[in-house]
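Can you keep this structure in mind? I'll have questions shortly.
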Amino acid sequence: MNGNRFGRLFQVTTFGESHGEAMGCTVSGCPAGLELSAEDIQEDLDRRKPGQSMITTSRGEPDAVSIKSGVQDGYTTGTPIGMVIQNKDARSGKYEPFITAPRPSHGDFTYSAKFGTRNWGGGGRSSARETVNWVAAGAIAKKLLALEGIELKAHVNQIADIEAPEVSFEQMLEHSEENAVRCAHPESAEKMQDRIAEYQEEGDSIGGSIYFEVRGVPVGLGAPRFDSLSARLGQAMMAVPATTAFEFGLGTEAAEYSGKDRNDDWEFDDDGTPTPVENDHGGIQGGISSGEPIYGEVTLHAPTSIPKEQQTVDWETGEVVDDAQVIGRHDPVLPPRGVPVVEAMLALTLVDFMLLSGRITPDRVDGNPGEYETDYHPSNPKNE
Amino acid sequence: MNGNRFGRLFQVTTFGESHGEAMGCTVSGCPAGLELSAEDIQEDLDRRKPGQSMITTSRGEPDAVSIKSGVQDGYTTGTPIGMVIQNKDARSGKYEPFITAPRPSHGDFTYSAKFGTRNWGGGGRSSARETVNWVAAGAIAKKLLALEGIELKAHVNQIADIEAPEVSFEQMLEHSEENAVRCAHPESAEKMQDRIAEYQEEGDSIGGSIYFEVRGVPVGLGAPRFDSLSARLGQAMMAVPATTAFEFGLGTEAAEYSGKDRNDDWEFDDDGTPTPVENDHGGIQGGISSGEPIYGEVTLHAPTSIPKEQQTVDWETGEVVDDAQVIGRHDPVLPPRGVPVVEAMLALTLVDFMLLSGRITPDRVDGNPGEYETDYHPSNPKNE
Amino acid sequence: MNGNRFGRLFQVTTFGESHGEAMGCTVSGCPAGLELSAEDIQEDLDRRKPGQSMITTSRGEPDAVSIKSGVQDGYTTGTPIGMVIQNKDARSGKYEPFITAPRPSHGDFTYSAKFGTRNWGGGGRSSARETVNWVAAGAIAKKLLALEGIELKAHVNQIADIEAPEVSFEQMLEHSEENAVRCAHPESAEKMQDRIAEYQEEGDSIGGSIYFEVRGVPVGLGAPRFDSLSARLGQAMMAVPATTAFEFGLGTEAAEYSGKDRNDDWEFDDDGTPTPVENDHGGIQGGISSGEPIYGEVTLHAPTSIPKEQQTVDWETGEVVDDAQVIGRHDPVLPPRGVPVVEAMLALTLVDFMLLSGRITPDRVDGNPGEYETDYHPSNPKNE
Amino acid sequence: MNGNRFGRLFQVTTFGESHGEAMGCTVSGCPAGLELSAEDIQEDLDRRKPGQSMITTSRGEPDAVSIKSGVQDGYTTGTPIGMVIQNKDARSGKYEPFITAPRPSHGDFTYSAKFGTRNWGGGGRSSARETVNWVAAGAIAKKLLALEGIELKAHVNQIADIEAPEVSFEQMLEHSEENAVRCAHPESAEKMQDRIAEYQEEGDSIGGSIYFEVRGVPVGLGAPRFDSLSARLGQAMMAVPATTAFEFGLGTEAAEYSGKDRNDDWEFDDDGTPTPVENDHGGIQGGISSGEPIYGEVTLHAPTSIPKEQQTVDWETGEVVDDAQVIGRHDPVLPPRGVPVVEAMLALTLVDFMLLSGRITPDRVDGNPGEYETDYHPSNPKNE
């Protein structure tokens, strides 16, 4: 409703502005008994954080997460998990020229028009810094999914005109974190890096896309129509800052496929279970998971904050400014840091459906409601 | 949650299976005082209904809507609007072979695996027949939007390899309903029709895409992030049966645009209001409407039910069936009948945001809460 | 949000006005595989319907439910269950005097002030006739609860100054349906009936209360705080038309109990499970079910529509009307027909928590997600 | 759903355990432009905080709120308001005996049975300490309501057998904060204090009740049935820890009122507006506010944690413990500290309905969507 909550049973609720005091989120609906530490979460936060390489902003944020509640003795308790991440390295001064002279295609104007004000430092609430909360929540979702044998991965498959060839899930797991671009195809990664450098040198930025894939999803997730797996993935992915397209399966190419070509015949697998011969359907049939891998793509447009001169207008002075330069510390390209964000939204969407289908039990991971003793309570001093 | 409800303040809740007794929906959150009759709704239903032309299924459904509540003397009363549409021409016999032998890439298998059963006649709940409810609800949403000066239209811009050139909004209004394909570019429409016929003759089907555009959207709609305008449009459009891609603005092409090229400079319009020089951003900046037209595209894969022989397996008999033919009455292509469905989802999404932003007042269209007399109450016998 | 939906996972969405064409509701979130027929539902509808006795309105409504979807061959399919109940015996003429001269303490004025109009025939949407939908949905909830060993019952325990003594659950089951008052204590029932007759003869009406009890609730239902079992029961019961108080456990008497007196000591039951020695806590501790019976009370004020002369004002003519008589066909007392309504809300609340806790599995009653064959599919012609 | 969120448009989401690191909440849906500082919130927190007097726990919590986001230069920005309150004075040692031997009638057993674990220090999540978050959020709601002329107040009207006589709203405003009991009738307050002391000396505790009243509510709030004003107040109040009854208007007494006696005749007020002659209906008719003051009562049972000996069982050792004494720092009575909590829930419920009815505009308090300049932006360095 208000834009800061995602999920039905597994809910994340966020707060925070780019240059505010802190970012934070509350995760509720996580069953009790999940082993969880700040380190588990930090790992993904480090993949998203700024300052990782030449092609990410140099803002110096440690992005250290502090868990305030919901975890005891290393295990979740079933109650809300409050997390806070302090903002450290905010330098708002550079944003002053844009308070009443909106940056082209950024959220400056629309935020001010909606609210009659906006937190202007660093883009405030409209900054992609908000996604630090998503990644923190997503790390918990991933841990729950892993218990159920669900594994997911994303990598950058296009920057500008450079498209990586198709790679296997295993290649994604192995190679996507090896380079600054997060492309699982090393040669393409190199070319992408060069292309990014070209735009960066010109004071410009460039778009790209992220490919994602999920393995181990059971048959039966999704509530057609409005809450079909594809509809909820659509919402999740289109929420990612700068996203302009979401595709699954054949995506836009499906327009040119005939029914005969796209349809996947059925065969029996070794256990006698009906299995599609191919996976042109992208793991979703009739809005419900088919048991095959779910895969798709998200397109992110170029960062709007660029040093290159652009024209804006100042609504306070009435002046046209034709040499506006956004000098801050900005990424020249979004997909590399977007990879953990896409993974987080994927995990949050799927864990929600796992809870909604009853496959993950809502109160506790051991699934034994009504029992009042468990192993995961080592802090009981009687145990010493 | 359960897949049959859409909207937060303007809510539509649906029921019905393709070959069940009736389809129906309940619209709640529609303000009082809107002039509304069954005819208003019927107009859009007729655009979606089967049997319109050679390229739509020949199932003979009048799709006549009956309003059961929420309207009095031709005006809405602010209370839930119940609507029922009887199913008339259901012939389930042709679906018997597929009860335990799922049609390739249809929802047969996933529904059965999720629920352990399914209404198999005509695809049951998984049939696109469900969208008759959406169109009925969408017609109400359109009427409300029209009061606020918001106009929307969709047309078919691609079938197979045939892409229509860009058309203006005015051309869409004028031409899209002139031909059976619902393409606003007459020459392309003809080519599309021919191409569809080719596939149809081979017992095959084909995919395509729908372009949509909205005029008159005020600045400030959308609640970033998770409820941004793009995120909620993403959910809405990906819920449309057979959708595999949703794009807005530059869509997938944004990957190849630099920031400088995609960014839209600001200028002052005649009133001194900041206005983007172009509209590469697609009417949404930072997840919030910018006041520029919102436009985008939806890709629909080819219908899965085709007469051409395909392979399936019967999980009851254990047999492999390599000559399965889906003979029912099926569309060879989805976008033409999908146009009113896409428009409905667009309208439902936007009217919800208009209510959420307070621009449409929730209780009554006249926006005068606390007053207890109105013009729209002609049935008062004292008035006679 | 809009007042016509109840439940989170098990959702009922209603429409209909007292003198409109039909009442109706859509139940979603009911798992597949539940045996269900219109007769199952009719039984409870008949307990609520008008014209049962001298102390209920003589309006002649058969209240016959028609199931439009979601059931196949006598079993639910997991998809939305659409139900419609035609209104037959509506005589709106008697309501004409009150169109612009609101009945005292009825919803006439507030509805008109909120919406600027209202469906005035028979009270329109504000009529307790709406609860016919709740009872229909509640009958399905009861069937699901019965599968889990949960049994619930309500009876009238007070009318005017006549309070029935405490009765056992077994007495409620046995006696509450034996008399027109629905009081499980026969002597009290007789006195209540006499008292009602006294008020009725004077053209007046009278209040009363309903006691409810639930057996077999497992430990662990409820999500403190805002969704605690008591909070959600509070919402459910306060939604019942004419309710002015909701109590559980000791209710208002708890103000005078000391901690020592109210607290229930723990002992081990025969299985070695901790069990409260008494049940002053009313089956809910810390907002979560304790496994003990849940019991409480709902107070319903006297029906506001009475033949006795009252004063109102006509906002159209500006006249004060000091001899307004509401002559329609109205109940002189609400609790007797309120019993099935309270039971319905109790069942709807509990079945929702059973789903939310994972004890009832969301997709199917057999709880075997991923399997695609079941017994409850007799219509498969291959089985013949 | 998960128990830590309240509200539809004005949402508060909470986290925190009694002896955890911090309590916190996120408020979303608060319009931009509301003047707000930590001090505004602190005032109410100080009324709720422990250690205020002899009849409250001596736990030394400053309960200092820190606003992390959503406020800029002293005004809200329309984005989520994150608040954190550190826990300072937690002494968990005293709770060790109860880890596996549940306190009578507390949430110890039900929490452990639901989650298979629980944060046992200080009652963890089940502690009424959670309400510190509610009061923080409620303070913001109160400020918004004040802008609309809505004023609300609660006071303690019963402790044990001592009932305060009816007091006026003005008396509540003037006297309720003058004494430790928070009873607006000074003589009764004194008696109540004595009675509490008696129970406290015996190592026991005692119940009581809170009366509340709201002035200035406009006609037309509430969405019958399930979201009627009374239903949502029912949920809100029954969520307050230790509540066993919620009443509005005549409450339980309505059972003994005839229709004629309870009904409120209509007259015209000086402006010619229909107005009820009396207010036996409690400000709500047909589930919608009538414009008259809303009033009611909440009963809170005695605190369950008492030094007096009680019997419990240890599920780990299998022992019956017949001399369990809860020695911590506990309140002997709840209503005095419950007053700000009840006020907070009242405010949160009402502000939500004000937003839902469009009377408070969702994006900004000035209600001018689309304008992008406002006064409440003093930090603009250009203004210096």
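Structural remarks
Note that the chains are named A, B, C and D in the order they appear, and that numbering of residues resets to 1 at the start of each chain.
The definition used in the following text is that a residue touches a chain if its C-beta (ideal position, glycine included) is under 8 Å from a C-beta of that chain, and two chains touch if they have at least 3 such contacts.
Since we're looking at a predicted model, the values are computed, not measured.
When each chain is reduced to the average of its Cα atoms, A sits farthest from chain C. Comparing the chain pairs A-B and B-D, the larger number of C-beta pairs in contact belongs to A-B. Separating the CA-averaged centres of chain A and chain B is a span of 28 Å. Averaging Cα coordinates per chain places chain B and chain C 36 Å apart.
Between the CA-based centres of chain B and chain D the separation comes to 44 Å, rounded to the whole angstrom. The set of chain C residues that touch two or more partner chains comprises 1-5, 8-9, 109, 113-114, 125, 219-220, 274, 315, 356-357, 363, 369-370, 372. Considering their complex, residues 1-5, 8-9, 11, 13-17, 20-24, 26, 28-29, 32-33, 66-70, 72, 75, 77-82, 84, 96, 99-100, 109, 112-119, 124-125, 315-316, 363-364, 366, 368-374, 376-377, 380-382 of chain C touch chain B.
By the touch rule above, chain A contacts chain B in their complex via residues 1-6, 8, 101-102, 104-111, 113-114, 125-126, 130, 158-161, 199, 204-209, 219-220, 222-228, 230-239, 241, 243-252, 254-268, 272, 274, 276-277, 280-282, 285-291, 297, 299-306, 308, 310-313, 315, 318, 320, 356-357.
On the chain C side of its complex with chain A, the touching residues are 9, 218-220, 274, 356-359, 361-363, 367, 369-370, 372.
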